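Once you've had a glance at the structure underneath, I'll fire off some questions.
In this document, chain identifiers A, B, C and D correspond to the written order of the chains, with residue numbering beginning at 1 in each.
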Amino acid sequence: MASPQNKRDWRFLLHEIIYESNTAAGKAFDVGLLIAIFTSILVVMIDSVASIHQEHGRLLQRVEWCYTALFTVEYVLRLISIRKPMRYVFSPLGIIDLVALIPSYLSIFFIGAQSLLVFRALRLLRVFRIFKLSRFLTEIDFLTIALKSSLRKISIFLLTVLTLTVILGSIMYLVEQKENGFSNIPESIYWAIVTITTVGYGDISPVTPMGKFVASVVMLIGYAIIAVPTGILTHDLAMAAKKEKKELPEACPNCGREGHDGDAAFCKFCGAPLL
Amino acid sequence: MASPQNKRDWRFLLHEIIYESNTAAGKAFDVGLLIAIFTSILVVMIDSVASIHQEHGRLLQRVEWCYTALFTVEYVLRLISIRKPMRYVFSPLGIIDLVALIPSYLSIFFIGAQSLLVFRALRLLRVFRIFKLSRFLTEIDFLTIALKSSLRKISIFLLTVLTLTVILGSIMYLVEQKENGFSNIPESIYWAIVTITTVGYGDISPVTPMGKFVASVVMLIGYAIIAVPTGILTHDLAMAAKKEKKELPEACPNCGREGHDGDAAFCKFCGAPLL
Amino acid sequence: MASPQNKRDWRFLLHEIIYESNTAAGKAFDVGLLIAIFTSILVVMIDSVASIHQEHGRLLQRVEWCYTALFTVEYVLRLISIRKPMRYVFSPLGIIDLVALIPSYLSIFFIGAQSLLVFRALRLLRVFRIFKLSRFLTEIDFLTIALKSSLRKISIFLLTVLTLTVILGSIMYLVEQKENGFSNIPESIYWAIVTITTVGYGDISPVTPMGKFVASVVMLIGYAIIAVPTGILTHDLAMAAKKEKKELPEACPNCGREGHDGDAAFCKFCGAPLL
Amino acid sequence: MASPQNKRDWRFLLHEIIYESNTAAGKAFDVGLLIAIFTSILVVMIDSVASIHQEHGRLLQRVEWCYTALFTVEYVLRLISIRKPMRYVFSPLGIIDLVALIPSYLSIFFIGAQSLLVFRALRLLRVFRIFKLSRFLTEIDFLTIALKSSLRKISIFLLTVLTLTVILGSIMYLVEQKENGFSNIPESIYWAIVTITTVGYGDISPVTPMGKFVASVVMLIGYAIIAVPTGILTHDLAMAAKKEKKELPEACPNCGREGHDGDAAFCKFCGAPLL
């Protein structure tokens, strides 16, 4: 009877360490994992530089294998320490972990698959879990609320920008000759995006006077409408802050409902005097 | 007697489907139309790529004809389902529909007119009608109010920027030699717009030390004044939100004081029940 | 006795037309002048294009003379219609008018001085006087108040940015080799300004890995600190709006002082009941 | 007994002049020092221009020596006028002063060390001390409070942007061929930073259609998320202003209600005189 209990304890403890970050061991695991992810990405990065690959390629490959072994062990531990392993496998983080792991094996068996190792960079998204450890939590929560409420409005904004770039790119395709880099409509739309976002590579740029005029209009539009997402987010941050504040005042002693203003003397729901 | 009644019903129903989006059929029509517009633009886009045009040009031309037929039928249906067709023809959306349709016919009869098909992209503006279907309505309304009240101020801002670019462009024309790309004043103004909007293609860039100094000033101006449209819009969003809020609550019938929350049943100042 | 009175009236009338814009004639003069300025700049612009200059240079030169005559008459009229002409001559607009006029005469007597005609663009600054005619006045006033209160803070910000660019430019001069475009420190500072303002011409760009790393840091700094002027201005706009609002409530019937809050029942200065 | 007293006075006076800026002499010293720093940097800048170095190199070197002597004297005076010299030596400003001084001596003894003189630019950071002299203090304080409270949130934002650039850069490395400039992952990440910050040099830019599509996504992300730091800072500026305001007014001694303006002499709720 002690054995299954023991086994359950062991799995429970492992779960605590791997999935939770309340305990010291859990925190250490999270930080250690992040360091492992970060250094493994660094190795992939360095290995992608041709000169380093030629000289130290063999060494880096071995280091690569160690990381593969490490992440495989981690993945297996995650599977056995959770009650419903399938739930983890098909969770967003689980999918990322798998997608980051598979190329490691592919790169062993197939030549050329090594470049797929970059998918390991996706695991960097785990960095956002680390914030749960720290005092950053309030700020993250606050930002998340504001971003969520802004998301829909900013989506409308981006859709508008995209529609604009299709129209402006098409106009530019007509205005500029094909020889000037605006060789087809998708290319012109790419140019419009480069211009309206004020990136301005200069790989394609207008040559004819008329094209330069249209480009000037596109630039001024881009310069003026950047105000829109900023305005939206700033406003939603203020709303989120106000909401947070409003929820502070205490509950009515009569009906128990909350949400009274700071200057309220009577409960706005039942009319009983507050405090 | 049944026939005209019937006919009227038939036209009424068609009007409901084509112009309104309250019914399921109306929604389906709007979504279907948007998909048709989007795919037709995709065909024009793809056909503009030289390699694809050479290989599949004939096929794409036929698809083009189908879309032309489809949009012609749509246009005719719009005309016969509305009481005053001229009103639709001269409405903004009606003009866009016609401008998008005419090149389709021109491209059949005239060689080279095919590139005018890009005007079909203008129909993408119908995308904003689709929002009426969805829950995005409140956000759109809110943004529209703020944008409208900002429009005049942002126009002043853009006029100021344009005046600045004319002056700075003219100065740059004097400072830099003609060989350095600043070959005439309009060109220099184009450069000033590219620079002040922080796009920075690099197709024209200062060469002389004095020119680089002037350019640095232009850049810093552009970097600092981008704050203006953002500040204006953010402020107007806040104003729009405050206005919306203020119009909600009524005054207390007992003490007459206002400023109650939308969900208040009792006056928060004197405790009397609100309406 | 009628003659001097008459003459005074005539000068007074001229002053009304030229300097004020309350009357219909004054408005017409201002609008007409702005059109003249705008078209004269257009002529200078067009004349700067080499191909047009070769073909229509002679014609444009004559048009130029007409504008010179017109603006000379305007300047003389300004001088004789004002009581203290020297005050106008040394006012900012007066200096601009003179600076814009002198090159016109220089270009007649000296070959090559024609390019100085671009100084006429400075007269475009008169465009801001035109706003006084229109309903834009409130918006302009509002913006001006906010911009004035922001000016000092934004100056500090720009000074900080300049200090940063000197330091970062100097570091980059050390990091990158002279062959890579960073040939001296002023050049490197120019690059730092191009980068930190996110203009990014690409005429000078880092080549070495270390240089690219430093450049990345500069870019991220530029991307993050653009928030500063925007935040300042937005905040000052909100303050300006609040101030404006606060000044609305009426004066105390007892002491006559203003500036009471909307919810004040008693004068905060003398204690007398309001209203 | 007079001598040590005298000596102490002399050192006290020197301390007042060098470290404090309350007295006229202290202000003059600070301004003079800043001018010396600024001109010495100007000399280093000018000397870095090859053509000037060739012609006036010898003269500039002598001027350099004068500055070295001047700053050495200043450093020694700082050491002897303070009670605990080590405290100054290891303070941030003390380290900057030393780091700026050492290259001056290295450049005398070693050829080539002259380029290290650029570290003198770090001394420009003293410019922020000068604000203490002036009325700018309130603005600086206000900005500093808001920036401090924003710092943590903007760090999270920059960390997110960096994670994004690693992921997007890695994807781009896969998408684009090595010949197109994306020769290794660090290079691709550099491109992602150039693009997401909307700098857009154009030294590396996508060539393949797929690469252009990914680049467009990166640009639109960069264009939309620039709203985040701006929104955060604007919000924190408003919070800082509110806090400052709230701390000003005291409660009414009669009714105990708060929220009075700073200039209020009577309670606006009950009319009782305020303290």
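FYI, a residue touches a chain if its C-beta (ideal position, glycine included) is under 8 Å from a C-beta of that chain, and two chains touch if they have at least 3 such contacts.
Listed by chain with UniProt protein names: A, B, C, D = Ion transporter.
A quick note: this is a predicted structure, and the numbers were derived from the prediction, not measured.
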item: Classification of the chain A (Ion transporter):chain D (Ion transporter) interface as same or different, half of numbers criterion; value: different
item: Most distant chain from chain D (Ion transporter), judged by the mean position of its C-alpha atoms; value: B
item: Between chain C (Ion transporter) and chain B (Ion transporter), distance of the C-alpha-averaged centres to the nearest whole Å; value: 30
item: Centroid spacing, where centroids are CA-atom means, of chain B (Ion transporter) and chain D (Ion transporter) in whole angstrom; value: 41
item: Numbers and ranges of chain D (Ion transporter) residues touching at least 2 other chains; value: 186, 198-202, 226, 230, 232, 234, 238
item: Touch list for chain B (Ion transporter) against partner chain D (Ion transporter), complex; value: 198-202, 230, 234
item: Chain D (Ion transporter) residues touching chain A (Ion transporter) - in the complex, by the definition given at the top; value: 152-153, 156, 159-160, 163, 166-167, 170-171, 173-174, 183-186, 189, 195, 198-202, 205, 209, 212-213, 215-216, 219-220, 222-224, 226-228, 230-232, 234-235, 238-239
item: Complex interface listing, chain B (Ion transporter) residues touching chain A (Ion transporter); value: 41, 44-45, 48-50, 115-116, 118-119, 121-122, 124-125, 127-128, 131, 136, 139-140, 143, 146-147, 150, 154, 157-158, 161-162, 186-187, 190, 193-194, 196-203, 226, 229-230, 232-234, 236-238, 241, 260-261, 263-273
